[in-house]
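What follows is chain A paired twice: with chain B in the first complex and chain C in the second.
Let's turn to the complex of A and B:
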């Protein structure tokens, strides 16, 4: 049901330029360029007051605008670092430092990713099991479903620190508590998506299964499960991004030991804004890569099942 | 009602009778608790009646509920009298049996609600389920004497709720009224306005939609420390986090919603010689409503999370996030749970209000059609 608002003209017949304009590459690049531009301008305006103060204290008068801009883009602890400063920091912490070192962003990203993936696996499994129960038992649908929705209005991200502290008191430390938080965030989209997916077969298809005298299990594995897979993958993409968020927030209260969240917290303690932004970009890349990975698995699985690309 | 269906009740009776024979811990037995034993026997008797001579569905539902309530008093009374711990198999057997009874009552109620279409029964099922979870939490934390530092019993949380009313109310005002609501309104409005503005430019839309989708999936709460650095400790920084968190879902959903009308509808408007504005107001915006409400609902939970997390990075001495982090430090966990309860109730009420509005404004949507 694509419509006029988002036209996709026949690209193959046109030239390269027309194809760029018609596709989504050029628009995305334009938006990205605009973001970078606004970022640079914002960096000047946000950093200027601090710089003017420092000029006054240093007794430097008559600083030209050019100098001001150059300084605003090269501050040690800027209010808003310029994009290239963040890029340099990323380059330094990702490529220049040994990945096993604690100063490497790769090391911290790996810590976050491992607990996010563990939580993702637990959450996805829980979500699927709940959905299967809800689809097959009416009492569960009636009693559990409202609570599953209500469970997400509890700001789990906000109480994540407490869960970490409490679990640490019982002796559960390391990956698992963070994974619990990721799992709690993950299971919801999976349950909702899978309930929708498992009930997506048409009554006529279910009737056909009945005429074959198929058991509930056979109906499940031959009809319901395959038709739920597209819904499952759509939910898994949402869930894996949430898992990364959960892992990062879970790292905040551990006293900045390791992980992207710890980098954020340490950066905010010591005013290292460039480090915060680098960690943020790192988190964004991590979330983007996980979503892309699930997308890849989706494409392979669905193609294997005979879906047309 | 076939015999297979009463499996849960038979389990209740069997486990209940086994529980009668087992010790209750602390050296006491059922014989020492006359009233509890009587109530337990009463519940077993009702269950036996339901199994042997199943009455009509309405009566059976009522009786199952009565039996559940009567039986639910027993473990509470026993624990109050000192029973519990790992050496009380009789008690835990009774709790397990009670689970089967409660399940059966819920099943009855769900069937009853399904057959009669009674709204009260349909509401009572999840209520009963929630009550059962709370009950289980209470019985387990008290029965096993779990230290309140780890997990306080619901009764203690309720006590903290009543005790610290004023503090909780002030926190609520600081976080919800001052940070969440302004941030939510600004973020949603900004997303909506930008979506309308770029509506005329398919080029910008094609650029913004993937970027917006990407940003919606990013851990935006990470900007919280930056916002606190920029806007200071008071509510402004929290509102700013909320604005950023709510902007992109709204933008993406509105753009998608504005594209949801089909050619035939817009062609019809063209034959009416309707202007861009008229088409927008009378066709495309109403068609976008379900998408917009979807974004509003997603944002309602995001907003609360954003504000509370932002409070971890610095606040005046008020606010739910501040309360949670300081009370954790003071090991006053029941206060933390009381704050969580307030946040959950506020979040659910917010969500529920939006769901009601959605029903009011998008009643025509297929998802609200009466299920046959």
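Let's turn to the complex of A and C:
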């Protein structure tokens, strides 16, 4: 009764281009094109009133629509910069300037990212520890859960300045206070996801452990933890994006000298809208890359754990 | 002394070997559910001796699984006395006295076939070299050599169930509790596995408790058939089979087989006439 192994389905690596076309790439490009188009049009309408004022002041009459549009897309401090202006700014501050310089967006992104990652690590750890406690100690669930949920109803913008100020009072400044704000945002999805994940083993899988009279620790490491990993990665992806937001928010109230938040603040202080938009896009790219990185670790880990390709 | 031998020596007392493997007397079990209490087992008395192959047969809901779970200390009885190897089910479970095969394979999907089979050995603290040696032996027993590195989803249902049997055999328990292990498989594979199981039992002289609701399966495999009936779950008849030990599938055509099967059927029918 020797049986053959079922043929292993082909790995999905092949046909990258085919997959992109067949997959979500085309729709995404379509949406992106539409957004850019609307953006250009909006830039004309939003910037036109300011331009007309300036024409009037300069005594210029008879400006053609074409000239108006060209000017609307080339202002130094526009209400809404045109996409290519933001792109030029990004190109300049990301690729043309030495990344250790304060004028480099890469430098500021790194400042934000480092505190976001520190906060992410702290928040994820806290989230996991809380979930392990909640799953194993019944009274913890009843005593902790309401507080955990309440913590998330407080707006982060309200609590961030207090964290910064209180920590500064006890001499903690710089990276750590910002990381605390990231951790504050991060731990919640991790706790919720891990409570669900750690309780996800089926009764029959738990019974099996009981028939071997496995200890609580053995049941945890050999059953609950591996069962929870898919849930953990799902919440880590949410958490890492929140960590970036948290770090930026942490840079705002103190008028920080460096970081994406500092760039936003400086930009709005001096009316440098192009710089603001470049920083915004920098923040989005940062968050996106972080999520993608967690996704990559997820793929590698779950593949190693025998997930179907 | 190997870790395994130590473990087996850990079962207290030499008394184990002159007592029956399982003794159940006056067992009752009531599930208190939200609406009405469910009388899952009512006044069950049963003795299983060393080397027996005992089948529980009966319609679904008659308490076969529940009785097995009580023996395995996965379920506490409401009243009555249960002894496994002369000690309480809990003590027997803590001494790893039995291997349990569930109705579903219950493999851990993130472990390969090999690491599923060595799971109980890891828990019991067996050294790696011995784990691998034992895994190789039981994989051979269930004819799954060469599948060590596969993950469960890469196997058919029958192969998964064989892995779960190998897993239960890996730590060499004297008592095997098998809850409809082949219930979800088609008849052809089932016949094969039944014959294999019988050969395994003959070779190892283990005590097997086997749940089924197939009459031919019960008669073919068993030295003792326990016929059960539902509402309340109870034992209707216990049939000692005198079919020869080294039986093959052909025996199902014999006169004696038909007689025993007939008696099982009678018992099941009697159990049914009890209600409605």
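Simple rule for what comes next: the second predicted complex is superposed on the first by the 285 of 309 C-alpha atoms of A that agree within 3 Å, B and C clash if a C-alpha of one lies under 4 Å from a C-alpha of the other, contacts with A are read in each partner's own complex, and residues count from 1 in each chain.
Basically, a contact is a pair of C-beta atoms (placed from the backbone, for glycine too) under 8 Å apart; a residue touches a chain by one contact, two chains touch by 3 or more.
These numbers come from a predicted model, not from an experiment.
Taking chain A as the reference, the larger set of touched residues comes from B, when chain B and chain C are compared.
In the superposition on chain A, A:212 makes contact with chain C only, while chain B stays out of contact range. Legend: residue contacts after superposition of the two complexes on their common chain; A:159 is shown touching chain B, with no touch to chain C. When the two structures are aligned on the shared chain, A:252 is found in touch with chain B, with no touch to chain C. Once the two complexes are overlaid on the shared chain, A:57 sits clear of chain B and of chain C alike. When the two complexes are superposed on chain A, the residues of chain A that touch both chain B and chain C are 1-3, 5-6. Within the complex, the chain C residues that touch chain A are 72-74, 93-94, 96, 98-100, 102, 104, 106, 108-112, 119-120, 122-124, 143, 146-147, 150-156, 158-159, 192, 196.
Considering their complex, residues 103, 106-107, 109-111, 113-114, 122, 125-126, 128-130, 133, 149-151, 199, 202-211, 214, 217-219, 221-223, 225-226, 228-230, 255, 258-263, 266, 300-301, 304-305, 308-309, 312-313, 320-321, 324-325, 328, 333, 336, 340, 343-344, 347-348, 350-351 of chain B touch chain A. Against chain B, in their complex, chain A makes its touches with residues 1-7, 21, 23-24, 26-32, 35, 46, 79, 138-139, 142-147, 149-150, 152-159, 161-162, 165-166, 169-170, 237-238, 241, 244-245, 248-249, 252, 260, 264-265, 267-268, 271, 273, 276-277, 279-280, 283-284, 287-288, 291. Considering their complex, residues 1-3, 5-6, 8, 202, 204-205, 207-214, 218, 222-223, 226, 229, 305-308 of chain A touch chain C.
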